[in-house]
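Labels run A, B, C and D following the written order; every chain starts at residue 1.
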Amino acid sequence: TIEHIFKEIFKAGLELQEDDHRKALLVSRKKQPENTVIRIKGIEIGNGKKHHVFGPCAVESYEQTAQVAKSVKEKGLKLLRGGAFKPRTSPYDFQGLGVEGLEILKRVADEYDLAVVSEIVTPKDLEIAVDYVDVIQIGARNMQNFELLKAAGQIDKPILLKRGLSATISEFINAAEYIISRGNGNIILCERGIRTYETATRNTLDISAVPVLKKETHLPIMVDVTHSTGRRDLLLPAAKAALAIGADGIMAEVHPDPAVALSDSAQQMDIPTFDKFYEELTDLERRLG
Amino acid sequence: TIEHIFKEIFKAGLELQEDDHRKALLVSRKKQPENTVIRIKGIEIGNGKKHHVFGPCAVESYEQTAQVAKSVKEKGLKLLRGGAFKPRTSPYDFQGLGVEGLEILKRVADEYDLAVVSEIVTPKDLEIAVDYVDVIQIGARNMQNFELLKAAGQIDKPILLKRGLSATISEFINAAEYIISRGNGNIILCERGIRTYETATRNTLDISAVPVLKKETHLPIMVDVTHSTGRRDLLLPAAKAALAIGADGIMAEVHPDPAVALSDSAQQMDIPTFDKFYEELTDLERRLG
Amino acid sequence: TIEHIFKEIFKAGLELQEDDHRKALLVSRKKQPENTVIRIKGIEIGNGKKHHVFGPCAVESYEQTAQVAKSVKEKGLKLLRGGAFKPRTSPYDFQGLGVEGLEILKRVADEYDLAVVSEIVTPKDLEIAVDYVDVIQIGARNMQNFELLKAAGQIDKPILLKRGLSATISEFINAAEYIISRGNGNIILCERGIRTYETATRNTLDISAVPVLKKETHLPIMVDVTHSTGRRDLLLPAAKAALAIGADGIMAEVHPDPAVALSDSAQQMDIPTFDKFYEELTDLERRLG
Amino acid sequence: TIEHIFKEIFKAGLELQEDDHRKALLVSRKKQPENTVIRIKGIEIGNGKKHHVFGPCAVESYEQTAQVAKSVKEKGLKLLRGGAFKPRTSPYDFQGLGVEGLEILKRVADEYDLAVVSEIVTPKDLEIAVDYVDVIQIGARNMQNFELLKAAGQIDKPILLKRGLSATISEFINAAEYIISRGNGNIILCERGIRTYETATRNTLDISAVPVLKKETHLPIMVDVTHSTGRRDLLLPAAKAALAIGADGIMAEVHPDPAVALSDSAQQMDIPTFDKFYEELTDLERRLG
């Protein structure tokens, strides 16, 4: 019938239009079928092997950071996270040590031969940060801080871009496109849970986002199990699910003494918990092959 | 200081109150630390071994159902799903074959020695259904149809209870409590995605719900990967995540010819896809040990 | 260009398809441009004049119900609500007085010459309810209890249909279509807030749903300010917004002594608060003309 | 009983703690019971009288902006909005004219004796903007761009702060606190809809946020009906609800020729629609008294 033919034309048009749009994006797998592989201090992220990021929520002191770095190093890992600039809901909460925090991170990273991942929250700090940091993190609250994204696109450092608090996958992809469109294609995407009505977890880990992003883009994907669950008892199960579904790595927070942490004390692992967590994680990695 | 002491009393009170409440629930792990194990046709759900549920969205004919049953049987599986009563958004969509559908399911199940899982949507149909069905499914839209829950609590058949479209985990647990409080403790919980703002998937699979429910209750948990993702290309990744995080089994829809299916045509697997899906799923099961 | 023409065809197709679909619905304004007007005990709902529904959350006793009825009557109002069958999250919460509650409502309504609005939660109770109740309420949790909707479509009583906890407007319209498609077109729609991440209010009142539903359907629309806000201090502001945006009436809960109410004690108005509330509401009605 | 007493202590503690926290905030009504009144070009926002903000989504040219300004001026209004820096989901969408846009706004505002409201998206542009703009807008995507908030707190211009895409009311209040804590208390809050699962409207207008914010803070509240509804046919109903519930003013987008607008073409009003909209709005204002 005429109607049927019309419907077919209609559907074809819909697909064509969507195809066109996605093909245009530089981050899309249609544009580049092979995975982007990011090289940092001798490791390669995105080539199939898993690489994880651990470290304290916030850098509080040299000692605190060094203790975690030592534990990271002993596991044969390379990536250390730590917050120097902390975006906090209240202006009266601890806002991070700033440049002093970056200095501590750099010193510790040099001593333990690690690469540093740290969040930058405003364009002007990017210039300073490149001297201290190996991977610039752009946090959930800044995923649509477009001026920061543009600036991040103009530096020569890998960017770890976190999904916004309630960003759609499409908005997340477009945020990455802001960075790559300015010249910097070394982008790691990081799923960190989305805001929903559920309160049993801090956010709702959108685990399906991992295969969707893998299909739509050629970028590596990590999963932040700390902020997505907000519960220490869920870090390991969430990490297992992330590895099984194909994430390139896990991000989680570790603190020598979470009870006295200046931020996120309820969800950071202490060192012994971290040891156990990592043992089970690597056991799963071996099984998954 | 006084303030500090007060805060501690306060926190203790908070925990005490929550403890009390959860201890009171019959489904809670505090009430019964060991897992509930449900026996159906010689298999045991909840004892650690995985058991999956496959079958068409809706029973459309004997032939269609038998084709899927044959494929399920050949895999050594025991559980066949199929909808006879279909809750549909529009009154003009196919509403299922009703009792005729149950008859087909029973005939096919007998021929292939399978157990049948089928949804019942209203109390009065429960009486009929017990003669045809081995596991009564209560669907997402009826998770708070409390009269149906009460009636399900009074029959002697296992219940597969799906999480509501936007039910909190706490509401989900209370829905199961309606059933057990009337005497029927053979309940399988099923996470099937929750409603969020994200549109890349039909619903958002709340994978963290699995360990949360495992911790809070002693009931087996399955994950419906068909309704949570709504995308054929995400069924396998989602199923892998579900197994890795500790689900007792996977539920997914299989149809001999999805393109002509009377419902959910975009997300059912055809038989060859099902074969491949199952092969990869069992490979993962072996690896996970 | 060819592309442009194609796009225009495409857009035309999209609109055509949507048009067709909506035109098909019996509740749609395309099917019936003029408002449906529902006659209950001499009042007409849907003809432009406002009619409100007040009463206790649950019927607890004759005295409690009569006190509220007296206050409703004194205001010249006609519609009294009261719950006899209460859907509650926990099986251990007060579930309503059932048929005894309906008897109390009927007795009080006869004494004060009021029409009764009361919720029915399962098909079999509908048969009993028609002897006691003037308007059958179908609650949020049952908006997609399709067997209940079908049964409600076969009786000769107006139905007040509440929007589901997280139903889309399109699903809400289709739920009403279930009722009208079975023959009963006397349907009042009721917006009662939707589930979101926001916790300052019990639900989020989707005030825009009122004009959307007015445009899409020919049915009267009420706004339940009690369940949407869950806060006594927001009942009046929410009611003002609802009237200004074009709702046909307000629904709110009133209890002689909210502090001892068996359900929803935090959000019901006591009689003096109700008097003040109604005074300000009618003042606004006069101003709006 | 002991338990009861303990519960009472517990509740008292809960309230005390919340009280303390809120009292501490400079924006809270507990800190300052009387309304903040903001003076701009001879008008006073926050003193009870309504003041509205109209103008194009983006400044595209002198002519386009002047046409709208003329219409605003003729209505006796004082506030003209227009975007020079446009945060857009895709890097390939029109990003605004930047400083050139500010120059156009300034020229037009001077000619028509209007005050300009325009969005600034990054701290360094604030210094330039103060020479051109009367009210600095901080947009939804930047509500938790804390460096921008801190910078806005250090200038001597009123700030119009929009609620984030899915910010809680508590986060919104804390964002305002970032500004006031640096010294700038001239803040107008603007509800602009929140992200939910509903797709009938672009966002869900959280109308209850207006009385909640009025109660919790001493700041003026406006409602952006354009971005909350995203539908031209809902602008007037939403504006009526906003006025009735107590908003201090309405914000809406007006464009001489929406069909060719470089952004948001589907939701801006043309001048005749604006005339009619404003007529009905002022009629309601007169009625509300």
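Throughout what follows, a contact is a pair of C-beta atoms (placed from the backbone, for glycine too) under 8 Å apart; a residue touches a chain by one contact, two chains touch by 3 or more.
All values reported here derive from a predicted model rather than from experimental measurement.
Both copies, chain A and chain D, contribute mostly matching positions to the interface they share, with over half of the numbers common to the two. Ranking C-D and B-C by contacting C-beta pairs places C-D first.
Our note on geometry: chain B versus chain D, Cα centroid distance of 45 Å, whole angstroms.
One simple way to say how far apart two chains are is to compare their mean CA positions; for chain B and chain C this gives 32 Å. Counting partner chains per residue, chain C shows two or more touched chains at residues 166, 170, 195-197.
On the chain B side of its complex with chain C, the touching residues are 24, 87-92, 95, 121-124, 141-142, 144-148, 150, 165-166, 170-171, 174, 177-178, 181, 195. Contact residues on chain D toward chain C in their complex (touch as defined above): 166, 168-170, 194, 196-201, 204-212, 215, 228-229, 233-234, 237-238, 240-246, 284, 287-289. On chain D, the positions that touch chain B within their shared complex are 6-7, 9-10, 13-14, 17, 166, 195-197.
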